[in-house]
Every structure is written in C-alpha cells, then in structure tokens.
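In the two assemblies presented below, chain A is common to both, partnered first by chain B and then by chain C.
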Partner chain A sequence: MTTIEMLTWVRGPGLVIAIGIFLAGTLVRLIEMLMLGRRKDLSEPRNAASAKYGWRLVFTRFLPPFAASDVPAIAFLASYVFHIGLFLIVFFYVPHITVFKELIGFGWPSLPAWFIDAVTLATMIAMFVVLWHRISDKVKNYLSGFNDYYSWFITIFPIVTGYFAFHRLVLPYNDMLVIHILSVELLLISLPFTKLMHAFSFIFSRWYTGEAAGRKGIKL
Partner chain B sequence: MSSQQTLAEALLQHGVTRRGFLKYCAGLASMMALPSSMIPRIAEALENAVRPSVIWLSFQECTGCTESLTRSHSPTLESLIFNVISLDYHHTLQAASGHAAEEARINAMEKFDGQYLLLVDGSIPVKDDGVYSTIAGMTNLEMLKESAKGAAAIISVGTCAAYGGLPKANPNPTGAVSVADIIKDKPIVNVPGCPPIPVVITGVLAHFLTFGRLPDLDRDLRPLSFFGESIHDRCYRRPFYDRGQFAKTFDDEGARKGWCLYELGCKGPTTHNACATTKWNQGTSFPIQSGHPCLGCSEPDFWDAGSFYKAFTAPPINVSEAVAPVIAGGAAAGIALGLANRMKKARAERQREHFTTEDLKE
Partner chain C sequence: MSVSIKKGIQAFKEQIDAPIASYFNSCVHCGLCASSCLFYVATGDPKYTPIHKLEPMRRVWKQEYTFWGRLFSKLGISKPVTDDMLDEWQDLLYDSCTLCGRCSLVCPVGNDLVYMIRKAREGMVASGHAPQGLKEGTYRAMTIGSPMGVTLKSFKKIISNVEEETGMTMPFDVQGADYLLLMSSAEIMEFYEFIGAMAKIFAQANISWTFSSETFEATNSGIQIGSSDLAAELVQRIVDGAEKLNVKYVISPECGHAYTSLRWEGPNLIGRKYNFKVVHVLELIDQLLNQGKIKMGDKHIEKLTFHDPCQIVRRGGVIDEPQHLMNKVADNYVEMSDSGKLNWCCGGGGGVSANSHADELRLKTFKIKKRQLDDTGVKTLVTSCSNCRHMLEAGLEENEMDIEVIGLSELIAEHLQTNETHQDNKQ
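What follows is the complex of A and B.
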C-alpha cells in the first residue's frame, strides 16, 4: 500500500469508521446517562426556580475558582491554555475547516498558519505542565488511573503528530499526515468511552450540580 | 548521425557552443543537487559519451509523455541531449513500421545486450493474460519481460509506467500495473508526472551517462534531486498559505491577487515534483502559477485520491451519508440500554427487603 493509498483510506473509510463509533458511542452514553435519572428529592425546595441555578453554573464554571482551590496557579493556567489552544487548533486551522466544510456543508474563516503554529506549541507545553501536576501532586497522583493517562495520551498524540507534520519533522510529511489522521481517529473512537466524554457531559453534570444546590438554597 | 558519434560532436554539429554546453552542465548539476566541482566531470562524461542505445516501449498510454519530451519548445539542449541518444525503437517516432519496426527492437537488444536503456511509458495490463494491449501480436506484458532481460536499467517515464496511472484507476478494468510491479531484477527509476517534466528525464539520462549508474532514489523510486521536496514547500504562493489568504473560487479577488489555491483543491502539500522549481516551457510557468491547483499527478494513485477541486484534507467519500444510519443505530442502542438499566433498577427496587424501625425491636 502506497502512502497516498493509505492517506486516501484514512481520509475515507477510516474516517467513516471513526466518526461512526464516535457519534454512536456518544449517543449511547448520553441517552443511557439521561435515562438513569436522579434520585427523587422529597424535601420541599428552598428555591422554586432551581433550574435557573443549573443553567447559571453551566457557564460560571468556565471561570477559575481560585479562592476555593489549592491547585497551583501554573497548573490552572496550563489547563486553560491547553483547552483554549485545542479549540483553536481543531476549529480554526484551515485544513481542519475544509474537513468540517465537507462533513457539515459550511465553513468559516481560518486563523493564519503561523498563529496556529504558536498556539500548538503553547498547547503542547501546557499539556506537559498538566501531566507534571498530575504526577507530582500526591492526591491527584493517588486518584489517577489508566483512564486519566490514556486520555492525556490520545489528546496530545494528534497535536504532536500534527506539529511534526507541519514542520516536516521525524517522518516525511505524507507519512506523518497518515499517522496524524489515524491519531485523530483513535481520539474520536476513544472519546465516548473515556473521561474525555466530559466534552459533552460537562453541561449536564454542571446543570445537575447547580440545580441541586439551588434547590437547597446554596449559592454557587 | 552515426551511432559512434559522441555527444560533443553531435552538439557541435547542431551549433551548440562549448560555453552553452558548460552552462547546461552547470544547470544540470545544480538541479540534481550536485556540487559545482562535479560540473567538469559531467561535461567530460557527456562530451565523450557514445550515443547510448535506447529502446522506448509505449504501452497503455496517451502519448502525452512523448509529446512532453519532444515538443519542448524550440531546440533546447534538453531536446538535443534527447536527440543524440540512439533511439533504436519508439513506435510513435520511428520511421519503420510493422515487421521492420519489431526487427529494429530485436536487433538493438542483441547488439547492445546488457547495455541498452529501456524507457517505458504507459502501464501494463495483466488481466486476462494481458490481451487488452498488444503490439505486433505481442502483449505488453510479454514485450516488457522480453525487452527488460538485456537492459542495463529501466526508466519508467510518466505516472502510468511508474505507478499504473489512469489505466489503474478504480475499477482498473484491464488489471493495469506499473513496470516495477513486474520487473524485479533490474535497476528502475521512476520519472512520474502526467506528463513528466522534460528536464527531469534528460537529467536522469545525463546522470546515467556521467556516473554510469542511476541517481539516488526515494521510496517510490523517484530521483531524490527532483522529487525530494513537495510542491507546497517550494511554491511561490506558500506565504499566502501561511498568512491564511486563500482563493475561494477561480474568479474571486483572492484568485486575481494570486493567493493560495489550497481551498480550491491544490494537492501541493502531498505532491513531490520539481514543477515549482524547474517549471515548464523553459521555466515560463507551472500549473499553480497559471492559477490552477496542483493535481498531484506525480504521486501513486492520484486519480483515486478524491476530487481535484476539493482540499486534499476533505474526505474523498460522503461521510455524512455513510454515518447517518450509525447515528440512528446509536440512538436506538442508547434507548435500549437505558430501558434495560431502568428495568434492572425497578427489579432491584421490587426485590429490596424493606427494613423499618419495627424490625430493630426484635
């Protein structure tokens, strides 16, 4: 199989398989979670408009709770950098936009390649800071298992291979591109079944937390 | 022209000055990424080269490769170099026809056994014993095998000979394959392109005459000096890519300003060829310069790598259509699992032993 053939496969059938598993898996997990429902709270609500608190928390939890946390500022900063960086890389680099355009029928303006390049470097550094914090922090280390490290790996793998491909490092561009697309497909396939599912579930978990607290009259 | 005439004599006869010849050698050396100290050696080797015998076989092809080489504008040094090889068999160019033509091939093969260069353009059909393309009653497969036996080296000219090209495109009705798929025991150089750049083929010939061996090749058997870098990396429109300035249609403002053609389907990033550096028609232009995206014609299987007019990262098949039933299946599976969980929960609730304060009194 030549590199171009491999490239055509990962862009075609490979992508169909990955997106299929990703969408089906995400739907299965979301529906299953939502259908489980919650334990009935028989007590009288202190605040009738508790749903409002649920929605509020969905957004306010984007802000850093510095006061309530003993996480070092650098680890906080790093997780912001890598989340925002990841978002910019995935949605605003022109080769990625052309994929979305083909999949959903419309595109949007891209950011210049040099800017995405800088963001990618910052994102990779930030992800290593986050990993360092997970390993060096005793409590976090104790709580971390395979799911955490695997999730970290499949997130950084596409970023590193994309960066290598862009800069023609380690392997010829076409080969690195095949590995890059495969790494994205690994991420897509794994996402619903790892903690990366938080990309979707965060909305529901925040809403539940906010709503439950609001009902009890706690301001979060 | 006598077959014993050297290249220097032949060039002199055509009115090429020594200065012009050395200039050509220097250009060739720089294009093949050789040090300048090599220029005298190239010149000497080329000057003294006795016209090598070349057998040119044309199989499943469109004659575009021959056109590209022979129609390169005005008598250039490349075309002269090409002219001074002893082209003993080429059924498009030779005067002889029929049995006389085939005889010329057999004679050259016998006379220059182990020394002649075999140039091939076009792919070789192998399905149904190769009946889909025959010359003088002989299948291309047989002719290639027979002619390759005594060849010093084989140069596959054009993407069809190098990788199967258009005839091999899905669903490949004739079972077309490349030269390298059939011949395993001879040195082979691929000079792909649809058509290939004339100077690349004369460059390979000059290298063979100078050093007595073929140039260094990449994994796809292409000379590294011409195919070592991608079109994208050497493209004069690259700064527009880096700045995010793209032509969105063929006649918008971006197109008129000469911005990057990536979104119009340019395959420059994945394509290795010398178009962006040597250009075509005496360095006049190349497809991207004239406003058309690169098709990727020097890469294996470029016909089946998706639309020419969609970005190369865009999926080559309709993913949404293929995935739609999977979404429905996922939703159904989610609901089924959810219901199963609920039933389990209800069953657990029913089977639970109710424990009250009364029970504690016992």
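What follows is the complex of A and C.
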C-alpha cells in the first residue's frame, strides 16, 4: 500500500469506522450510566429550583478549587493550558474545520495557523508537566494505573504527530499525516472506554452534585 | 466466594445509581480530593485519598455495569472484590472518613464523594465488615433506643434534675403542641445545659412545645454504620412519635448527623413525606429572633470563635444562621480560617467517634483544628453539635489547650433579654 492509498483509507473508511465506534461507544456508556437511574428525593426541598444549582455547578467547577494548597501552581496552570489548548486545536485549526465541514455540513471561523502553532507547543509542554506531576506527586502516583498513562498517551500522540506534520519534521508530510490521522482514530475509538469519558460525563457528575446540594439550599 | 461477600457485592450493586456511575466515569485521578481531606492532610498518607476509599465500590461498578468490565469479568481477568480487600478497606471507609464532605467541594468533575462513601458502607455492613464500636452503638440504638444506652427512665431523671435546677417544668407528651424537641444522647448525658437553655428560649418566645416519652433520641446510628434498614426504623420511631402527638414541627437538636438523617435522608428511608416539618434548633432560634419573639440582652464580651459542624452547615444547608446568631450574641466574634462551609471537621463525625479503633488516627487530625484555633487566639470556642463538642474537648485536652467549648443555643439563652437587662436598656 502506498502512502497515498493509506491516506485515502485513513481519511475515508478508517475515519468513518473510528467515528462510528466513538459515537456508539459514547452513547452506550452514557445509556448504561443513565439506565441506573436516580431515586426521587422525597425530602422537602429548602430550594425548589434545585436544577438551576445543578447547571450552576456544571459551569462554576471550571474554576480552580479553594483548597489545594499542596498542589504546585505550575501543575494547576498546566492542566488549564492543555485543556484549553486541546479545545482550540481541535475546533479552531483551519484543516480541522474543513474536516468538520465535510462531516456535518457547516464550518465556523478559524484561528490563525501561527496562533494554533503556538498553542500546540504550549499544550505539549503542559502535557509533559502534568505527566511529570502524575509521576512525582505521591497522591497522583498512588492513584495512577494503565488507564491514566494510556489516556495521556493517546491524547498527546495526535498533538505531537500533528505538530510534526505541520513543521515537516521526522517523516515526509504525507507519511506523518497518515500517522496523525491514525492517532486521532486511536483517540476516538479509545475515548468512550477510558477515563477520557469524563469529557462527557463531567456534565452529569457536576449536575447531580450541584442539584442535590441546591435542594438543601447549599450553593456549591 | 463466601455468602457474606456475595451479600456485600449485591449491596454495592443495589447502591450504584446514575450519579455514582457518573462519578466513577468522571474521575481522572487528579488527587485533589486528598488535599481537602483531613485524614490525608494530617498524615500525608496517600491511602487516605477520598476516591481511593471507594475502590471496592468502583470495582463492583466496573465489573457489573460497564461493557469492558463485564467482558473482563467473564474472561476471568479482572480483580474481584474479596473479603480480605473489604477487611483492609474498613479502615478507609470508616476510621478515616467522617463524612464531612470537604472533598465534595473541590472535585473538578463535581463528584460527591460523601454520597459515595455513605452508600459504600451499605456494602460493608452487608458483608460483615463494619467496625465493632459502630455495631455495638447501633445495637444499643435498636434495642435500648439510644447508641449510648440512655433509657427513658434515665432521661426522665436528668429532666427532673434540670427542672430542679431551673425551676421550670418540662412538658411531656403534650398532644397538639407546636414543637417536639428531640435530644441526642450526648446532650442528655454530658451537655444537659442544653435542655434548660431550650426551655428558657421557649418560655420567652411563648410557644408550645413538648418532649415525647416515646421518642426522644434524634441520632441515627443506622446512617453512620451504613444500614438503610436500621436507619429507616430509627427514623420511623421519630415519625410515629411526632405524628401521634400531632406536632407541627420536630426540632433537631445540636447534633450534626441527627439533622441530616432526619431532615434529608429520613423521608427517603421511610419512603414517604412527613406530616410535620423538621427544623434545626439554630434555624428556629434565628427565626424567633427575627420575628422578635425572643430578644437579646447583653452580649458576650470576650473573644469567641465558632466551629461549623459539617452536617449542619456544609451538608445540612444551615449556613447563614450560625453566623447571624454569633454576630448577635458576641461582641468580639472572630471567624476561623476556612470557616462556614469550608470548615475542617472535628475529626469524629460519621461514626468515627463511636469507633474506638479510630481513636489514635482521629486525634492526629486535631492538629488542623489546633492550627485554626491558634490563629484566632480565643479562649472560648462555640459550636452547635454535641458530637463536635465532645471531640473538640478531647482534642483540646490531648493538646493541653486551655479553651472552653460551649454550645451556641446555651450561649444565646444565657444572653437573652431578661426583665433586669430590659430595665438596664431603658435606662
């Protein structure tokens, strides 16, 4: 198989399969979660508009917590940088928007390539900082297992290969592009089955907690 | 697999609902919950990281309710939950968790870890892994009616002593009274000043109230040990007593978990709404002051601080009332660092105080409270939970700190306007 044939496959059937597994997997995981249900709370609410508190927490928990004094500021900063960086790279880099346009029929304005380039560099650095923190921090190290390191790897893999492709590093552009798209496909098919599932489930976990506290009149 | 472990796994399974699944799905092992946990902060041991305490429940969730987990389980390549594992986790789920809920405030994905631990304890009880101290307390609560073994006879004896001391009559079994006052065993046995204080407040507010000889115990060992069946029966006793007397309100006394169990868990445990309202004593006092039914006289002059009980403030939602009351009663009220819903637990909530196996570890956590108290430089510490009070006194004694602990309701009662202060104010 030539590079071009490979590229055609990963861009075509490969991508369709990966997106299919990603969508079906995510849907199944969300359904198996929601099917477990939640019993109706019979206690008299202090605040009846508790759903509002659920939605409130979905957004307010993006802010850093009050009590994490033993976590170094750089680890905190790095986790924000890589989350925001990932979001900007995935959704605001011109070629990515083109792919979205082909898939869903519409696009949106992009950010300049030089800016995305800088964001990518920052994101990669940030991801190495969080990896360093995961290994060096005794609590994180204690909690970490295969899922944590695998999730880190499949997240940084597309960023590094994309960065290499953009700068024509290591391999010829088309070869690197094949690897880049394959790495994205690996991320897509893994996401529903790893801790990366938090990208969707966080809305539910925050909402449930915020709503339950809101019923009691506690603004979290 | 033993019968008990099967029962335990079944109980874990029954407890896992959509919120629990969303919490396990969302956890990214960031470890922030450790930095908010008093047991981790006091010891620096990562095994006390709150989410790690839930590992047995996570395994059950994964193996029973997720695609890969079920597959791996079928192939026999997943690690099962065993008796040995649960034995090891007894220290983590009971000794080193006071259900204080501080971790639930910091989790970036919003996991309510206390909700999870409360539920995980159901699996521990079902598999026979609850600590001895809690089992004994729960047994006394079920058979005698009080975890400390207080009988109606001894309660009435204390009441008659209070009547003698105060010269006031304490009403019993008054049909149709507005308020039914419940007590915690610790208040009856150790802090019975609370009874006289409440009688004084009720007298000034001129409201009808009563004790019940059928139900006087507000605490709920079933909640602490993690047995919904037993917890439901304890709640049912209160509901039956209150509905028999046809009262409008049931007052939860100065006890933290008594409030959350009766106010928030109770209706869910017995499967129906009450025919009365539950009010915490601080909510009631604040309300009476706002309505002008009771009036403050002089203020406490010396410097005071307030320890916010977790189950009343952070988990109970009675957040502003203690602040209002402290400001009304104290001339020189200083807040501790991390006050209000961020407060650090006394170390003995969630059944830890009833579990002697946890004593040594619990006392280690007091260094956080010591730091908070040293910063304020007070000689008097006010709180509104008899269990906190007991734990704080023990910690202060252990650390040779000369600080007196008093209950907020008593402090208020002491500074109510009397005829004399009323005259003084006029002059």
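In the analysis below, the second predicted complex is superposed on the first by the 209 of 220 C-alpha atoms of A that agree within 3 Å, B and C clash if a C-alpha of one lies under 4 Å from a C-alpha of the other, contacts with A are read in each partner's own complex, and residues count from 1 in each chain.
Note that a contact is a pair of C-beta atoms (placed from the backbone, for glycine too) under 8 Å apart; a residue touches a chain by one contact, two chains touch by 3 or more.
Since the structure is predicted, the reported quantities are computational estimates derived from the model, not experimental observations.
Undergrad: Looking at A:Met176, would you say it contacts chain B, chain C, both, or neither? Reply first, second, both or neither.
TA: In the superposition, A:Met176 contacts neither chain B nor chain C.
Undergrad: Name the contact category of A:Val184: first (chain B only), second (chain C only), both, or neither.
TA: neither
Undergrad: A:Gly210 in the overlay: touching chain B, chain C, both, or neither? Say first, second, both or neither.
TA: In the superposition, A:Gly210 touches chain C alone.
Undergrad: Does chain B (first) or chain C (second) touch A:Ala126, or do both, or does neither?
TA: Touch status of A:Ala126: no partner.
Undergrad: Considering only the touch criterion stated at the top, classify A:Val28 as touching first (chain B), second (chain C), both, or neither.
TA: Both partners, chain B and chain C.
Undergrad: Pick one for A:Leu36: touches chain B only (first), chain C only (second), both, or neither.
TA: In the superposition, A:Leu36 contacts both chain B and chain C.
Undergrad: Taking the superposition as given, does A:Lys101 touch the first partner, chain B, the second, chain C, both, or neither?
TA: first
Undergrad: Can you give me the overlap between the chain B contact set and the chain C contact set on chain A?
TA: 28-29, 32, 34-36
Undergrad: Show which residues of chain C lie in contact with chain A when the two form their complex.
TA: 16-23, 25-32, 34-36, 40, 44, 46-47, 49, 51-52, 65-68, 102, 104-112, 115, 263-268, 271-274, 277, 314-317, 319, 338, 341-342
Undergrad: In their complex, what parts of chain A are in touch with chain B?
TA: 2-5, 7-8, 11-13, 15-16, 19-20, 23-32, 34-36, 94-96, 98-99, 101-104, 109-114, 168, 173-174, 177
Undergrad: In their complex, what parts of chain A are in touch with chain C?
TA: Within the complex, chain A touches chain C at residues 28-29, 32-39, 41-44, 46, 57-58, 61, 65-71, 79, 137-144, 148, 151, 193, 195, 197-198, 201-202, 204-210, 212-213, 216-218, 220.
Undergrad: Under the stated contact criterion, what part of chain B meets chain A in this complex?
TA: Going through chain B, the ones touching chain A are 163, 220, 230, 233, 241-244, 246, 262-263, 269-270, 296, 299-302, 304-306, 310-311, 313-317, 319-320, 322-323, 326-327, 329-331, 333-335, 337-339, 341-342, 345.
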